[in-house]
Amino acid sequence: MPRMTHTIREKHKLLGRVRRLRGQVEAIERALESEAGCEQVMHLIAGARGALAGLMAEVVEDHVRTHLVDAEKHPGALNAEAAEHLLDVVRTYLK
Amino acid sequence: MPRMTHTIREKHKLLGRVRRLRGQVEAIERALESEAGCEQVMHLIAGARGALAGLMAEVVEDHVRTHLVDAEKHPGALNAEAAEHLLDVVRTYLK
Amino acid sequence: MPRMTHTIREKHKLLGRVRRLRGQVEAIERALESEAGCEQVMHLIAGARGALAGLMAEVVEDHVRTHLVDAEKHPGALNAEAAEHLLDVVRTYLK
Amino acid sequence: MPRMTHTIREKHKLLGRVRRLRGQVEAIERALESEAGCEQVMHLIAGARGALAGLMAEVVEDHVRTHLVDAEKHPGALNAEAAEHLLDVVRTYLK
């Protein structure tokens, strides 16, 4: 069952990403509690924003590759090149 | 030939958008030439950015609806609901 | 000491924001663990992105209003209208 | 009059940027007119978006450096380091 294997690997990657993001949000909280400077807080928020964008890009990629077309019912129907062009745009805007 | 009709209507809409955008960029140029205040220039740039985002959203929508799946070869293969969820995300990020 | 009062009120508001954001990130984590659909995960991520942008906008506002000029040494030096125009731009781009 | 010299040099740089941007918008228009592929149009729009963001970053920088504080009335009042931290954030979000 290759589909399931893919999903489990993908799930692990996404969970790793969201846990790192949680750590980054907790670091923002600690910085605010300890009255760190605005610069440090802004820097931490910018980092969390990058992590969140990376997470979204990966979920969107997964969504495009596995949900836009049911590959079992319609094998080969998804135009891989057109999907790749779309994901290029998504990544540009999520940066 | 409904596909062609769609493309021509779509092309007219997109051309209308890009021409309005050109007008907005020319207004930024005139504002800079006449030494308008930073506030006005920033306001005009923010407007052009919205217009450009709207143009991209429409091209991406067109791309998802007509190019990800060749509807003649694979009728019904594109999951319309999944495509709509994807476009919701794209619109959120393009705003 | 009005400055300190301001800082403490501001700190409470920011801590409230970052704690809500942490809750939203934890909801993404739970959604991934329970294998919720991509749509739900994308929706939760878009919500967290809005919360993070709101947090950044507030920290930037605080930074512009209190750190660009030392109001004790240079009272009245910050052009309030120009600062407001800048913050309008920042809010537009953070949305 | 160093202030004026700065303004004229800055104006030339900004006009150069906006004229290149106009050229990019015209290229999008021609691509749509000649029925270029979605991929090419999306690529051109992404390029114009980068150019527009660069223009906004430069105008914001100019605004922060010259308008937040009237340097003739309040010399030395703008905290240069705090302004730099702010501009770092602006550039991150405008990318």
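In order of appearance the chains are A, B, C and D, and numbering begins at 1 in each one.
Everything below uses one rule, namely that contacts are C-beta pairs under 8 Å (C-beta built on N, C-alpha and C of every residue); 3 or more make two chains touch, one makes a residue touch a chain.
Just so it is clear, the structure is predicted and the values come from calculations on it, not from any experiment.
Visitor: State the pair with the higher C-beta contact count; candidates are B-C and C-D.
Guide: When the contacts at B-C and C-D are counted, C-D has more.
Visitor: If you average the CA atoms of chain C and of chain D, how far apart do the two points sit, in angstrom?
Guide: 24
Visitor: Taking the mean of the C-alpha atoms as each chain's centre, how many Å separate chain B from chain C?
Guide: Chain B and chain C have C-alpha centres separated by 29 Å.
Visitor: What are the residue numbers in chain D that touch two or more other chains?
Guide: In chain D, residues 38-39, 42, 46, 49, 56, 60, 63, 67, 82, 85, 89, 93 touch at least two other chains, as defined above.
Visitor: Once you draw an edge for every pair of touching chains, what topology comes out, line, ring, star, complete or other?
Guide: Per interface graph, the chains form a complete graph.
Visitor: Which residues of chain B touch chain C once you look at their complex with the stated criterion?
Guide: Against chain C, chain B makes touches at 38-39, 42, 46, 49, 82, 85, 88-89, 92-93, 95.
Visitor: So in the complex, the part of chain C that touches chain A is made up of which residues?
Guide: 11, 14-15, 18-19, 21-22, 25-26, 28-29, 32-33, 35, 38-39, 41-42, 45-46, 48-49, 52-53, 55-56, 59-60, 62-63, 67
Visitor: Would you pull the chain A residues touching chain B in the complex into a rising list?
Guide: Against chain B, chain A makes touches at 56, 60, 63-64, 67-70, 73-74, 76-79, 82-83, 85-86, 89-90, 93-94.
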